[in-house]
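These are the structures, in structure tokens.
Shared between the two complexes below is chain A, which pairs with chain B and chain C, respectively.
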Partner chain A sequence: MTAAAPRATGRVLRLFLPLALYLVFTVVPFYWMLLFALRPAGSTSLLPWPLTFEHFDTVWNGMGFRVYFQNSVWIALLTLVFVTFFALMGGYALARFKFRGQRAFLLALLCTQFVPGAMMLIPLFNIFQTFDLINSRWSLIIAETTFQLPLAMILMSGFVRNVPVELEESAMMDGCGRIRAFLAVVLPLLRPGIVAVGSFAFIGSWNNFLFALMFLNDPELQTVPVGLQTTIGENTVDFGALAAGGVVAAVPVVLVFAFVQKYLVQGMSTGAVKG
Partner chain B sequence: MSRTLRTTAAALAALGLLTACGSSGSSSDSGGKTTITFWDNNAGPARTPLYQKLIADFEKANPTITVKYVGVTSAEVAEKYNTAIASNSTPDVGGVTTALLASLTAQKALDPLDERYAKSALNGKIAANFLEISKSASGGKGLFQLPSSGNQDVIWYRADKFKEAGLSAPKTWDELFAAAAKLTDKGKNQYGFTIRGGAGSGFQVLSEAYAYSGLTTMFDAAGKSTVDDPKNVALIEKIAAQYKATTPEADVSNAYPQMLAQFQANQVMMVHHNLGSTRDVKTALGDKVAGFLLPAGPDGTSVLANPVDGFSLFKNSKHKDAAWKFVEFLDSHEANSYWNQNVGQIPANTEAYADEWYTTSGITKQAGDSLNSPTTKLVQPPVYLPQYSKITKTDAEPNFQKVLLGKTSAADFAKSVADAFTKAQADYQAKNK
Partner chain C sequence: MALAAPPPARGHGLRRALAPYALISPTLLLLATFLLFPVGSVLYYALQHHVVNEPYDDAFVGLANFRQMFGDEQFWSSLAFSAKWVFAEVMLQLLLGLALALIVNETFVGRAVARALVFSPWAVSGVLTTSIWMLLYNPATGVFHYLAELGVGNAGTSVLGNPDTVFSAAVVAELWRGVPFFAILILADLQSVPKELYEAASMDGAGRVRTFLHVTLPHLRDAIVLATLLRSVWEFNNVDLLYTLTNGGPAGATTSLPLYVAQLARKSYDFGYGSALTTAAFVILLFCSVLYLRLSKFGREK
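The block that comes next holds the complex of A and B.
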């Protein structure tokens, strides 16, 4: 036996075995979800066979998930746009300007993260009611943007700080104004930050349940998380529909992560750690 | 593409988004039509289409009234109602179970229905016991909910497996435990019974205890809770002894979805739930499943009243007459019968008891007969106590888990629940002298 053999065994035990166990731990719930979504009601098979799409048909066409999905997409995309836009402006200001009360402002931003959404429910409800925004998707977009913006601004300011200020100064010496210098020089370098902040905004908005439940009444305006909850009744539960709805709810989040994971890891390490 | 063109395209796209996210508008009266808002308190794929059909029928019969349906899931309905009350935006009419009634009446959100019911064509047709449960749930202050459906605890069992084992439906708790032992085969991952150790365990174990003890009230004449009566404790001990002997180990944290999933997956042979799951178990198992009412103990049996479903008018409604008309329609013979046939529950309208589906419904009729029988000892849970939910859920559920895990005794568990009930009842009576 060569010396490489024990090394390989050790590597398997130290690295691959824990990873494999962790993978099983992570994948089993997904498999459970797919299994229940794809096998017929009442089946006890451990394989999704015979394959059926009846549960997807039930949730998509029968339970209105087609509408819920469209609503969730609009709300999440607009939240992403607003959060990213305002986070860019706020983050830039925090990173590049010194102003009186800056530390207190940063502290206040951080403190907003300690307030649970449920606590703000009734004040928000009253505000939206005053502006006739109850039962409007704008209530969700505004509430989500407001709640996500503080953390997004703090994250973004970290990204901006990592862009050498000399680059902007050079651009300004070449005749650019601050806005032009920001758009031409800083913004392209902020791509990982934009992706990270945008992803968090999208996923946070996509998954939000409480605000959608409280601010929207019309079934035509509801979102996927609220629709998902309707598969569990007081005394009944439709596991097939629940699992199929879970797949519908998970797909956009999985896709977002698949496309942006490279930027996300890079962005998180840059913005959060060094920031 | 020129910059102007790009800017125009972006503006149009933004306009499109704005349009897509606009408000759907709120309900209002127009053209002689009244729009009422109805909140379904247990929306879902099984119930929502039934309401949609009934609303369409109602609107056809009442062309001047439009009903706006809002489906709310049962898990969130209390929060939704509370937010609506706090922000003065309650619906005109809403589905309300007796479990929620005390909280809503305490907040003075509901309109009393005694007078409307007395003048209604429904007067005398709604089951007396249901009305009694409803009035008791609001602390005896009157009628704030018109009952529509009754529920009753049942034990679903695998009739095919019982037949194979030469067993019949148990009539006593001892027969049930013996059947559970006989049907348990741990090697095959098959268990005779399943215990609710997770959410909802508090009410469930109390209903089992009173079915065994036959006690008729939750409080004695001195206002002391009867939960820790030795007969109740005896049953709780027997139930706890089943844990891991004839039940899956996971029961300690299982609520009804997991219990029913195990039952439908052939892992457990008996499951204690209620008529609300009739449709689910029948769809999954067909003729292989049957039900029986909770068995009796040595001194007979009692029934711990389940929440009764019904409809309430909200005080802030500007269209109470139209809303009441809708409630009357939902509780009419035809509509109430249609609804309960499809959800597998007991109709509140007694005219439905002669309908063929009901007379041939087996366990639903059996449960209905039991609930409506004057000889049935109906125990009213004190849902009117503000602390009821805390006592039976927040406090009792983790403590019952400790009983199952052998960390506390059944007697101590029962005493803690009883003491809490006794104190809450004393406080309630002091405030409502």
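The block that comes next holds the complex of A and C.
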């Protein structure tokens, strides 16, 4: 008893107090947004009561968020598919083959991380103009896929490397071709990697702001972050709409996050990055 | 990069030799067209006078853009802001992320929920962060308003409108969504510390602090170096938050270098000069990164 009490106090001071403080810092901003989104305009209550959905009606139907939402979903899903597919191909090549130029290719992948996307806006705009892709959702999908692929591929090669090569070998001994061996043996074991890489791609694409701002002019094609920016305007008075737009932007990301949470720590491990 | 032993040769030698190139070809194509080519054109235009809406003045000007840069006060002030921004963000994110990872690595009831909550801002975009913190910072709607009613501090001042407070306000908003990245990466690495090391340390009678300094921290070194490097580059290049939260203001107090270039492109269409600034930023980033990797002895055996 006498020995346990100070230890318990130590644990509270060392563990639970800082954790509680940090949780307040994390959760209060989310709560503030929900509060303004769900309570009537002009209310000063600290609880979202009486509950109202008028602000969601304003942004969803009045401010075009329904269209923005659909656009963002399509763009993010297609980016997810392309990034995951190309990352699987390249990641497999990096993990399972030795080829001339491999080190240079890896170095190039790492170097892309130093290229500031924001500063590539004008040259990218020019290129998309030549391909007649300005005001097309493909410009976003292509740009996002390009900027996300390098890190996704490095991550994926780490996941492939973690699959024992013997499994593939024995399948190939049994007469499978390399592709069949990959599909039947390696792919199912890559599930955590595919989930991690795919959800990073989805979230990155969903959150992208500058590319959409620059490459799309037509409001019918615009995405959620740009829609969100229009609610931010310097002299905003409609805080309900600002908050409700934020909730709309947050929902898909929170759902994806809840889904990958489990794989997140594993997917980000530097073991995967360093190989 | 340690390479796994290649599987036994099968099929034709030529097909096998070409397979990896076929597999990376879509990526090569994308990177060459939409990344390498734009980078090349930036390098090219850095040596040109090129204002988009005055095409008749286009000409090769050698290093004139760079000379202009050295005399440009706004370049130096935005570069100084970027350095301050990256340093503050990465240091604070690392310290808080490390502390947080150590905390949620312990065993306690409700750990899974605590982890999920603490990590959740990781997935939030810069624009959404702005929306949320706008509400929190606004004198009419923010937490300061409520705190003032409780007698803590005074409301009525806009922290984003005041040059003295805007930096800290922006730093805190970015911290909110930046800390989880470090916490996740470090937690992943904490879980790979061999248990025997801790057992040995405790047998030697090492206390909590000594164990942390001599066992945990050395093990985390590479993860920390990599995370701080990636994050520095990312924070340097990141414009979404500052663009929407302060738009570089008030009076240019929060204009980072990329933000300055973006404003230059949109206001004056001076692409030649903007390209010179981009080139300078790229060189500075690359130089600092190589220096950092050298100094931190990344990847060396301990």
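Definition applied: the second predicted complex is superposed on the first by the 265 of 275 C-alpha atoms of A that agree within 3 Å, B and C clash if a C-alpha of one lies under 4 Å from a C-alpha of the other, contacts with A are read in each partner's own complex, and residues count from 1 in each chain.
Heads up, the rule we're going with is that contacts are C-beta pairs under 8 Å (C-beta built on N, C-alpha and C of every residue); 3 or more make two chains touch, one makes a residue touch a chain.
These figures come from a predicted structure and were not determined experimentally.
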Should the pairing of chain B and chain C on chain A count as a clash or a fit in the superposition? clash
So, does A:G62 touch the first partner chain B, the second partner chain C, both, or neither? first
Between chain B (first) and chain C (second), which does A:V83 come into contact with in this model arrangement: first, second, both, or neither? neither
Based on the superposed arrangement, let me know which partner A:D132 touches: chain B (first), chain C (second), both, or neither? first
Kindly classify A:G42 by the partners it touches after superposition: chain B alone (first), chain C alone (second), both, or neither? first
Should A:L121 be classified as contacting the first partner (chain B), the second (chain C), both, or neither? both
Just chain B (first), just chain C (second), both, or neither: which does A:V197 touch? neither
Of chain B and chain C, which one touches more residues of chain A? C
Could you tell me if A:F239 is touching chain B, chain C, both of them or neither one (first, second, both, neither)? both
If we overlay the two complexes on their shared chain A, which of chain B and chain C does A:E220 touch? Say first, second, both or neither. first
With both complexes overlaid on chain A, does A:N207 touch chain B (first), chain C (second), both or neither? second
Which chain A residues lie in the overlap of the chain B contact set and the chain C contact set? 121-122, 126, 229, 231-232, 236, 239
Residues of chain C touching chain A in the complex: 1-8, 10-11, 17, 19-21, 23-24, 26-28, 30-31, 33-35, 37-39, 41-42, 96, 99-100, 103-104, 106, 108, 114-128, 130-136, 138, 141, 143, 146, 176, 184-185, 187-189, 191-192, 222-223, 226-227, 230, 233, 236-237, 239-240, 243-244, 258-259, 261-262, 265, 271, 274, 277-278, 281-282, 285-286, 289, 299
Can you list the residues on chain A that touch chain C in the complex? 15-16, 18-19, 22-23, 25-30, 32-33, 36, 46, 86, 89-90, 92-99, 102-103, 105-106, 108, 112-124, 126-127, 142-143, 145-147, 149-150, 153, 161, 165, 168-169, 172, 177-178, 203, 206-210, 225, 228-229, 231-232, 236, 239, 242-243, 245-246, 249-250, 253-254, 256-258, 261, 264-266, 268-271, 273-275
Given the complex with chain A, which residues does chain B contribute to the contact? 17, 20-26, 37, 42-48, 69-76, 79-80, 83, 86-87, 89, 97, 151, 256-257, 260-261, 264-266, 273-277, 279-280, 283-285
Chain B-touching residues of chain A, taken from the complex the two chains share: 41-42, 44, 58, 62-63, 74-75, 77-78, 121-122, 125-126, 129, 132-138, 141, 213-214, 217-221, 226, 229-239, 241
